[in-house]
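Letters A, B and C name the chains as they come in the text, with residue numbers starting at 1 for each one.
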């Protein structure tokens, strides 16, 4: 049953987590036309924040990139929950990356590359996206990174 | 003349404010296709910021939720100005929530729930939306919360 | 060959820069349907950040507005790279403005007006957009402002 995208995930050694269920009156994704809007995902692993803290302070660049990659894995898990088959993804349109940052930390783009690189590893050229990457002083639950997404599907 | 959504608003005891007029070369909303993009709304009441300051410092969680609810009321007022009839709302697609936060405050999702809960109270299942909730150190005019929206309409 | 919009740019004395090439696995823009999503643009001039630092600290309101205007020029350069002819722009739908801000600086809307005003100067009524303007403590490469865009085209 697994499509090509899921085979790619398997080759990358990535097991998609259970897509996090709605926690409140917002939902993890909404479909409008052929666009899938995915709520801001945190670097959750096994149901809890795997990487918390602040870049430029307690979190290294490498761990920030791992956090961004985890956010991207959770985005893909939501896309699978929404679409059933990840091969329906036509284009990752946009990622919005928020990086918990000390005032002097200005390397947000390299942090968010952890997510961007995974999208291309998983979806190929369809994974190339527009994005914004900004610093913020603090994120929900103390997460190091939060990323949301808009995905075009067929 | 009032549609069902406006009856719901009345039952909730919510009087929509006059939609704030454009303050500059940006406008409070733009329609593209069947999507309504609403500019970031502040917790304005009677023409001024009702709740200013920083969560985790001068603003309590409860007041932050009230601020988020006020932002949502202003989003709905803009939707009415844009669409005429709120019953044309098919889906609140996405809310973007920014919470003015002290460095140690990590409860942004519960703050933004003040807006999410109102959307579902007003629009029912059509009010369930994707969202991002992040902390920032400061917002326009010192507002405690800012929220923008994408709404699908018919 | 220059369309009307490029004539307007020339009258404004604005030479579009070379659109910055993709720096990584994200790209400067993605087209989905008739919407152009432009990645967050920094106040780059001649290939480097022209205005860095923090509003309310080392950067004046006037310089912040210049930074926002530069971001807008870079957005327009990306739109030209994407669409070929800027006269294809039907509407600037949304700008997302992030302003590097000291905790006490609350004038983000006036900063982002530097971009909003340029969009209307260049595109006329089609340049009037929805927007969000928020403060953040720090931006990539120390930039004073970052702005992303959604543009409808024909």
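FYI, a residue touches a chain if its C-beta (ideal position, glycine included) is under 8 Å from a C-beta of that chain, and two chains touch if they have at least 3 such contacts.
Keep in mind it's a predicted model, so treat the numbers as computed, not measured.
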| item | value |
| --- | --- |
| Same-residue or different-residue interface between subunit A and subunit C, half as cut-off | different |
| Copies subunit B and subunit C - rotation angle from C-alpha fit, nearest 5 degrees | 120 |
| Inter-chain centre distance, subunit A versus subunit C - centres from mean C-alpha coordinates, in Å | 25 |
| Shared-contact residues (touching 2 or more other chains) in subunit C | 33, 136-137 |
| Residue ranges of subunit A touching subunit C (in the complex, touch as defined) | 33-35, 91, 93-95, 101-109, 112-113, 116-117, 119-120, 127-137, 150, 152 |
| Partner subunit C, residues of subunit B touching it in the complex | 22-30, 32-33, 37-40, 96, 98, 136-142, 146, 148 |
